[in-house]
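As structure tokens, here come the structures.
Look for subunit A in each of the two complexes below; its partner is subunit B in the first and subunit C in the second.
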Partner chain A sequence: MTETPLATDTLSVTYTGDREIEAVKGVSIAFPANELTTIIGPSGCGKSTLLKSLNRLHEIQQNVEIDGDVLLSGDSVYNTDEPAPEIRRQIGYVPQTPTALPLSIYENVAYGLRIHDEYESKADLDEKVETYLRKVNLWDEVNDRLDAPGAELSTGQIQRLCVARSLAVEPEVLLCDEVTSALDPISAESVEETLEELKSEYTIVMVTHAMAQARRLADKVVFLYLGEVVEAGDVRSFFENPQAERTRQFIGGPTPVDPEPTEESTDERESSTGAELAASPPPEES
Partner chain B sequence: MDRYRKQRLFGAAVRAAALLVVGVMLLVVSVTLVRGGRVLLTDPTIVVTPPGSRYMLEGTGGFLHAVLGSAFIVGPATAISMVFAVSTATYLQSDYSSERFSESVNMFLNVLWGTPPIVYGVFVLTIIIAVGAQTSLLFGIVAIAIFQYPIMTRYTDEALRAAPDRVRESTYGLGATRFESARMTVRAAAPGIIAGLIMGFARGIGDAATVLFTTGRSTRMPGGLLDAATTLPVLIFDQAMSFNPEVRSHAYAASFVLTVVVLGLILVSKLLAGRYARYTP
Partner chain C sequence: MTDATGGLFRRARSSRLGWRLLAERLSGYWFAAAGYLAIALFAAITLLLLHRSLPILSEYSLVAMLTSADWSPTQNSFGFLPAIVGTVYVTFLSMTMGIPIAVGAAVYIAEYADGRRKTLVASFIDVLAAIPSVIFGLVALIVVVPFVGTYVAPAFGGGTAGVGIFTVSLVMAIVVTPFMISLSVESLESLPDELRETSLGVGATKFETIRSVLLRAAGPGIFSAILLGFGRVFGATIVPALLIGGQTQLPGSVFSTGQTLPTLIVNDFGELMALPLTQSALIFVGLMLVVVVWLFNFGAMLFRRRLQRRWQY
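What follows is the complex of A and B.
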């Protein structure tokens, strides 16, 4: 059994706005090392909330309450004196919508290294930027225009830039929030290829509602419904031999009855690509 | 009436309104430019010549004192106001304060924006009297800075609000602190903030009421921070009332300078904003 770098311990997240909504309800899961775990479930089931609570990113919103804990290599993420930015450095996050920082391509990757002071000289920084751009297969496409604004790249390239930027601070875990849902199929494929290559080196947790994508990429699948884990397991057994009735319904047929909308559902966008992928027949397993 | 006639009628009305406004504006600007330009063409040195001893009576010398007064008052005032405006606007974002608090502050700022500048002038005059000081360049800076502050803060606040939340989320996701994240948001909002900066400067340099009785309406070169001074709008106000046509003509020349400066600034801001906009997601 491999060591679990990241795990949740009866983690609950409650939005305490005008209407109190418990978006994640007492979830306990372990994310195995150097594997890609996908969290799947219908829109508004708490996937993104769960993901963001793993590195305390939801704390930037107001009116969020947390119960339970997240353990990073056995250490508490919530009951600690360590400042939240340090936690987030160790647990990287790639947002759903590709977002270049208002900087050059080079500076986008260098940003994290600069704020954490993780380079020795300009040459060292150059080298690191190149390394991580290569890691996401972007170097060959951009090496002649590193000073160009990051925002001028295509969305697929920006998303890979985001992955490179997150990897540059050398996190132990990488969280990906529906990273391909805003992309066209070809860009989505290139991002998927990148993740496929990265998963041997990193512990990756990815939220998706594209079932086919989960099948293609994941080693482990967690099925979340109305904030609760319905089923979690190996990708093969999950899809071929689901235990829970609800899982069978979800992966087999149309999405089950719409769950209660949560605050989170406002920022979850159902893109055509995501829906397309979800609807397409699962590819042959190799 | 059939729908298409209605549409044509509405289209004609809109076009006529636009034409009227643009026409009047062109008239105002061209009269100023032509009259001022004529004076400046005859003697362009009046812009860089200090006033003579009987300048306001006979128009001897030039109005360098007002040009410098404007620059030394509005420049520092804009800088000071900008620092406060960006700080306040950053504070008003959700990272620091609650939505309700920022709403009330913004309402208050809107009221301040709508307050007639003469009120700020009177307010600063009250301070001058209270502390037993004299009207000077310094109090001109204070008055203009107060006048610019709500304008710049509202502009900056709107720009920051319009900056994508994703930038904030991305920086936090990389382990940025609140301060680092705010800095990046300011960068992402740079085009809007620059627009606010230029707008504040333009309003500041064009305002007469705030400086009318805070700077002293001096007719000599400003010697220091605590010296009396004057600015271009106040000079224009004083000159335009003169019985001497020579002096009145200087008012047009000064108006020309003022208009060209503001026009130039707006162009610069457009260029700058365009440069930054390339980087904005």
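What follows is the complex of A and C.
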């Protein structure tokens, strides 16, 4: 068993706005190295909150309180003197909406490298940009127009560009927040293929509402409901032999009763339809 | 139209439908007319100004008037250069002072301030924007004029009683900054959070995110805000009229008194309007103001579109 690159230790996230809401409740999970772990659950269950708290990205919002800790290769993420940007460099993040920075395709990938001064020369930077664009299967599509604005690409290409940008700063872990939910099926497939290839090299944590996607891509599945882990396990046993009644209902049965609305549910308009879809019985496979 | 064989129901429906379609058509005309009125007004004003400027333009050469420094209408000398120089000074100085403050305050409100503090600062900036500029002019007469006269001008080696180009620029910067802040805040706040998350997610600091990503993405909006400020300073009338001192020579330094194109009109408007040539000269000044502002807005629109097409925010 290899060292666990990322784990949470009774991690709780509480929104302390007008109404106090505990979105994540004492979650302890380990994300194994070089595997893809998906976090699934109905919308508003705290998936995105959990994901963003893994690299302190939720800190851009106000009124969030954290209890417990996240461990990156055994080191604390919260009780540490290490500045947040340095932690985020080690834990990459790809948002749900494909987002090109207002820069050229080349500079989108070079962005993090320039910030951290992680290149020796222009030639070195060129080489690194090419390497990571190849890694996400984008090089052949864009190598003749690297100076074009990133926003000119299709959404699927932009999403792969986002992955390339995140990987360029060589993080140990990659967080993906429903990275295919805003894409058309063909673009989604291209992103999935990329993730499939990457998961042998990186530790990937992916939030998804698409049950079928979890089955296709995941090595490990974590089922989150009302901020608590209901069940976690290997993808095979999770889908073929779920232990908890709640899991059985969610992956196969009728739509579970919607949890009480949280602050997050307004942020997840996109995913609510997805969760309904996901909650309907998956097509029989095998 | 229904004929005699049409049923009652059918007739009722079609007469109701007829009214609805009539309202549809009339409202379309009305909206279009309201829209075209703007174009018609602009054209009418420009043409009127142009027509009334013809006497002075046929009497004196345009180049001579624009480059002559002698403005004494009673002796039939119409040199616009002092007013043009004064306007350029005031516009340039107040934008130089106003833009850094406006962008800084906008970034603070949009990216740093939270909750109650944000509401407080933002609402006071809106209040400032709503204060009539004559109030700023009055307060400046009491506070800024002595301050500039006693401290600022001597520090830069300029002797002045306190009124003059620098004072006007300072006050106009204060007048237009709240407008520029409000608009810049709007364009920063309309950016998707994903931009922030994306940049922070690769380990950028907040400042790096603002500098390299957010200000760039909000660029077109901030640029519009600055242009709006520019237009207001360029056409400002009451503050310069109160504070510029109104001398007709070329200004020797930024601390000397002077005039701007709008104050030229305001100061000489009264009895001098009775002289036909002077009247025409002042109207020509108005034409210059309209044309310059229009050119700037048009150029700004083209530039903004280019930016938007390039970055798509």
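Everything that follows uses one rule, which is that the second predicted complex is superposed on the first by the 268 of 286 C-alpha atoms of A that agree within 3 Å, B and C clash if a C-alpha of one lies under 4 Å from a C-alpha of the other, contacts with A are read in each partner's own complex, and residues count from 1 in each chain.
Convention: contacts are C-beta pairs under 8 Å (C-beta built on N, C-alpha and C of every residue); 3 or more make two chains touch, one makes a residue touch a chain.
The structure displayed is predicted, hence computed values, not measured ones.
Undergrad: Given the alignment on subunit A, is it a clash or a fit between subunit B and subunit C?
TA: They clash: once the shared chain is superposed, the two partners overlap in space.
Undergrad: I'd like to know which partner A:Tyr111 touches here: subunit B for first, subunit C for second, both or neither.
TA: both
Undergrad: Classify the contacts of A:Pro149 with the two partner chains as first (subunit B alone), second (subunit C alone), both, or neither.
TA: In the superposition, A:Pro149 touches subunit B and subunit C alike.
Undergrad: Which partner does A:Leu57 reach: the first (subunit B), the second (subunit C), both, or neither?
TA: Both: A:Leu57 reaches subunit B and subunit C.
Undergrad: Which partner does A:Trp139 reach: the first (subunit B), the second (subunit C), both, or neither?
TA: neither
Undergrad: Please work out whether A:Tyr93 is in contact with subunit B alone, subunit C alone, both, or neither, and reply first, second, both or neither.
TA: A:Tyr93 contacts both subunit B and subunit C.
Undergrad: Touching subunit B in one complex and subunit C in the other: list those residues of subunit A.
TA: 55, 57, 60, 62, 85-86, 88-90, 92-95, 97, 99-103, 111-112, 115-116, 149, 151, 162, 165-166, 169
Undergrad: Using the touch rule from the top, collect the residues of subunit A that touch subunit B in their complex.
TA: Going through subunit A, the ones touching subunit B are 55, 57, 60-62, 83, 85-90, 92-95, 97, 99-104, 111-112, 115-116, 149-152, 158, 162, 165-166, 169.
Undergrad: Enumerate the contact residues on subunit B facing subunit A in the complex.
TA: 94-95, 98-99, 164, 166-177, 180, 184, 187-188, 190, 276, 278-281
Undergrad: Where on subunit A does subunit C make contact in their complex?
TA: Of all residues in subunit A, those touching subunit C are 52, 55, 57, 60, 62-63, 85-86, 88-90, 92-97, 99-103, 111-112, 115-116, 149, 151, 162, 165-166, 168-169, 175.
Undergrad: How about subunit C: which of its residues touch subunit A in the complex?
TA: These residues of subunit C touch subunit A: 114-115, 192-205, 208, 212-213, 216-217, 219, 310-313.
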